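Two complexes follow with subunit A in common, the first pairing it with subunit B and the second with subunit C.
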Partner chain A sequence: MLTQSQYPDYKFVCRINHIKTFHAAIKSICFSDFGTFLISEDGMRITVDQAKSIQATVYMVPSFFEEFYVQDLQSFGIKVNVLAECLSLYGLADCGVKLLYKGDGAPLMILLDPHDDEDLSTECAIKTMNVDEPMEYELDVNSSTLNTLFIRGPDLSNIFHELDKAAEEFEFTISPRSPHFKITTLGVIQSESSVEVAKTSDMMLMFNCQSTTVARYKSQQIRMTNKSLQVATKVAIKTDSSGLLELHFMLQAENQEDIYVQFFVTPLLDIE
Partner chain B sequence: MKCTLEGNNAKVIAKAIQSLSKVGKELYIEADQQGLQLRAINATHSAVGSISFQRCMFETYNLPSSQYCYCKISMKVCLATFRNMKQVEHCEMSIVENHTKLQVKLRCKLETMKQALIAIIDDQNINAAVSKEASPNVIRGDFKLFMEISNNFNTNEEELTLEVDSNSLAAKNYIEGARVSDRFMRSQLKLKSSEFDQYLVTKNTVITFCIREFRAFLLFAETLNAPLNLEFNEAGDPFLLKINKHQEIECILIMSTLSPDDVSFSEDNCQRELTVDETPDSQQVVSKKRKNSQPIEANAPEKRRVEPDDSLMESNSSLSNSLFQFRPSEPPSVEAVRQLADVDTLMVIPDEADEEALMLAAADAAMATQMPKTNPNPSVPSSTEVCFYNTEDTTIVDQQQHLEEEEDDEEESIPQSPEREQRKIRTIFSRCFQSTYVPREPSPNSQVYVPNSDTED
Partner chain C sequence: MKFRALMQDPLYMREFQSIIATLAKLAKDCLMILEDQKIHFIVNEEHSSTASPLVWTSIASQDYFPEYLCEPARAEHGYIVLQMSAAHLSRSLAVLRMNNVNNCKMKLQRIQFPCISVIASVVSATSCEPREVVHDVPATIVPFKEWPPYLVPRVPSSQLVLNIPSLRLMRSLIEKLKNISPSLVFHASSAGELNLVAESEMATITTRFKRLLQSILVADQNGPQEASCSVDTRKASAFFGALQLPNEELIIGIDPDHSIHLQMDIRENVVLHSILPAVSV
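Entry: the complex of A and B
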């Protein structure tokens, strides 16, 4: 464990030995330029938002890291795509990474050590910005209309992959009666298609549905979750009568804790 | 109409749709008491593909009270629905919503159900008239053999020419005597009749058809693991490709072929006189068949040519390249013959077509008479050998020896193109030698929907 004395100047230090999953998680939220880092004793969160209608957060618990030290609550903004590029400096080679942050105004230092070459190491410094706290979306856990589904990652990935790419909107229907989980594509002339999964299906790890919810989302936003979906082992889909959709991806890595990527997508409202 | 299919049969239907998608942009579905037929026709109406599934392939099969129904749907949408069939266990197709939509329900593994509602465009249908008489030439072979033939040619080849006689079949990507550019690589694959399951050629012929649709159906034959039947008569007549699997699945592809009028010197087998016919058909045909520039330097015939009509002997010179240059990049010759559907008849402007026809015939005749007989006789390569010809080769094959020396190892080559002669032809066809072409009238290849209403013209 780190002690204060080892890193007197740094407000935040962490180390990860195998960056593969971490890198995949960062890449999956690169749909927007700026991300907000929020680091506390509970873990590290990186949040990305677009147009206030879709928000993605990557978060890791302290036990995910080999080393994790933070002083108070640190929050800063950086460009996530630059961070993703720095992590991909060694291509597919597995590296260890160390993140260091001195505090307000200081850049985020990234030290990369490839495992296959002991003589090489890279140091990057990414400028940080002051940011406001990201908007917090939350689904009321006590709501009577809260529906929660746990689905196997690869199977859901197949379903999403086969959805019509030309469609503009996807309509999600979750219901205690059949159809239990249905995605309909809308907006394509000459064809409407839908995919239904029964609640008894093997791919449904958990199906907790109180009442029927139907909501529409922009297909473009749902497709932003593709990268996370491809690497996720499990996906939790939560929604309630408000229509706010929470997609919770669990990225599992061997010998490591899970990384969670959480997407909030706001529904399209009928203006009539 | 409502029918259901078990998973594997549904996969076959999906493959059929994929093959038909390479033929046409719309899928015609017809359901009657015998079963379900899927058809497609290509854009130029020169190929019609029809795949029929007998009733016994379906689990349940319900027809409306009229006992038949047909509809036309967009191929693109249909393809998207039937794209991923790996997980499919059961398929149901029905026409719903007062005959405006086709509903396809695919029940997949893991209790997933995919459903698609495809809008029906209209209820047109294609009728492909197939002659019930047996064709003079029937060739049957395993799909693997035809795959080999097809793989011999580039994927961007447009046409395939089959030259058949009683003992052998030659597959080529060119027509002898056709005007092609110097860069054109000609390849030929010769097969003995014994390679095929059944080889019945009663009429030696050279027939050319579009390879794209051929390959599409070949792909389907591969899925079915069934042999292909080729039935044809002669150049200009329809070419039939049939696949039959257990009497349950029957496929037929009818393609139009190049008329011999376009093929200046196909063979001795096509003993036709190069006369200029006044009928609209041949005018259409002749005016549309144009290959790219430098026709004269390209291959001249290999075999001894038919003696052309005496009347054409007057135009006893070869015409310069500029004659053909004002028709750049013509549509592929598959458009030339439309012997099937009576649609899209072209309005040919008689004067120009006449002139062109005459010019073409003249050129043909000229080439016929000017073959240098200087080189030794090469012989036909042995069966299944692929030959590549150099456009500058100048040998000519004597047809007698050609048949006798089939087993020799020397290569065939193309005779040298005839020398240019400056004759009085220039004064007769003076306009042909002008370097620029001013299209005062619309080209005969195009369809005139509305005549020019400009009062000044």
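Entry: the complex of A and C
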């Protein structure tokens, strides 16, 4: 970890040796224009939300970075698609990336160094803005209705892939009795399809459920998590009687800590 | 008026095909200017979408074509100037990509209309007799009095010329920068640094190429120098995106605030040029 003296002018500095997973994580939350960076000694969070009904956060712990230094708590807003664009400048070529921030009003500097050409480097300065802190969603951990299950990423991705693309709404049922986990799609003309996963299934890594929860979500919003799902190795699905859905994607990076992408999706209210 | 050329070397045939394919990616029409020792192809800005830059290529006939004949209508004019569809010409040469081509002839002919006939002699796997693949590409003969706008462009005099050893990353980079900013600044110094700067409302992106060699021809003893020029990113991207050649090296010449000259030496006496005009930011 760095000492302050090495970067006296900077309030935040971090370095990642391999850009791939970080880029994939940022790309997967580009459904809205603006994102909020929140950096503290606990790590870096980048949050994006849309219409106060879906929120996504990319979260990295300090040990994920090769270097990580932050002074106090730093927060600023940024256009996430511009960030994603900058990270993709070298396409598939692997490169190291460094983020630097001087504090209020200063741009976020991104330095890209391709590993296979040391005579080449790119420096991006992205404007930052002051933004309100993103809304905080939370599931009550002590609630008796909290249901948690862990599923293997690629398997869940396959399930979503097979679901009716034209469906309007998705219904998630988690129940201690069979069917343990059920996704039902509801189409415009009352067409329905469903997939059930038993808790004994190989793809189910953990199943923790005391009481049945049923909630419906806009399929469009669930689909926004697709890009994260495609690159996730593990997915945690959490919900409680309020219906608020938390999807927690774990993205495995080579020789690095995992990157987490967390989605909160609010339920539709018209449950009979 | 007569023109005839024969190619035999499979390497040259494939290369010729790649050159024409590159031009076909840039514009609908191309000009073919034939002279005693050289063939030139030009795709003009005016003849294409506004996104394509002016690109031309000159091929010395001596090594490329073991048989080469060019007789203009009048000897004193020295040239034959033809205009044709670049896509048609490229398609007629597509067969040269295969390994089983014996030779390829190009001929200026009048069937019902003037055309360049591309005749490739191909060996089939199943037969020992070669077969001929013939394409007649319609061409318009440009009369002498209309030549002035169609002359082979001159290489602009650049203040600073740098060699880029590898295009691989530059190509994808410029392609990406196209989405960020409409104009791209090339800033070079005689110390061998080239900076590409793309600026948008939200971001400024500077890419630095270090330790580039300066071209000996222009290398001046006037001490350290700098030159910069801003060009249309889409034009730059169109040039790099169109390249179908395996060559990785490129020479970039900067005429400050006027133009950028890109030159690719495909081999000795076979050169591809492009000029990106300056835009004001």
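Methods note: the second predicted complex is superposed on the first by the 267 of 272 C-alpha atoms of A that agree within 3 Å, B and C clash if a C-alpha of one lies under 4 Å from a C-alpha of the other, contacts with A are read in each partner's own complex, and residues count from 1 in each chain.
Keep in mind that, in the parts below, a residue touches a chain if its C-beta (ideal position, glycine included) is under 8 Å from a C-beta of that chain, and two chains touch if they have at least 3 such contacts.
Bear in mind that the values here come from a model prediction, so they are computed numbers and not experimental data.
J.: Here subunit A is shared; do subunit B and subunit C fit on it together or clash?
T.: With subunit A as the common anchor, subunit B and subunit C both fit in the superposed model.
J.: Touching A:D202 in the superposition: subunit B (first), subunit C (second), both, neither?
T.: first
J.: Go through the superposed model and pick first if A:D117 touches only subunit B, second if only subunit C, both, or neither.
T.: second
J.: Now for A:Q190: first (subunit B), second (subunit C), both, or neither, which partner does it touch?
T.: Only subunit B is touched by A:Q190; subunit C is not.
J.: Of the partners subunit B and subunit C, which touch A:D155 in the superposed model: first, second, both, neither?
T.: The first partner, subunit B, only.
J.: Using the superposed model, give me the angle at subunit A's CA centre between the CA centres of subunit B and subunit C, as a multiple of 10 °.
T.: 60
J.: Tell me which partner A:D164 touches in the superposition: subunit B (first), subunit C (second), both or neither.
T.: first
J.: Just the number, please: smallest Cα separation between subunit B and subunit C in the overlaid arrangement, in Å.
T.: The answer for the closest subunit B-subunit C C-alpha pair is 13 Å.
J.: After overlaying the two complexes on chain A, where does the subunit B footprint on subunit A coincide with the subunit C footprint?
T.: Shared contact residues on subunit A (touching subunit B in one complex, subunit C in the other): none at all.
J.: For subunit A, which residues count as touching subunit C in their complex?
T.: 79, 82, 85-86, 88-91, 93, 107, 114, 117, 119-127
J.: Inside the complex, what are the residues of subunit B that reach subunit A?
T.: 74, 77, 80-81, 83-84, 87, 110-119
J.: For the complex, which residues does subunit C have touching subunit A?
T.: 166, 168-169, 172-173, 176-177, 179-180, 200-212
J.: Which positions of subunit A touch subunit B when the two form their complex?
T.: On the subunit A side, the touching residues are 155, 158-159, 162, 164, 179, 188-198, 200-203.
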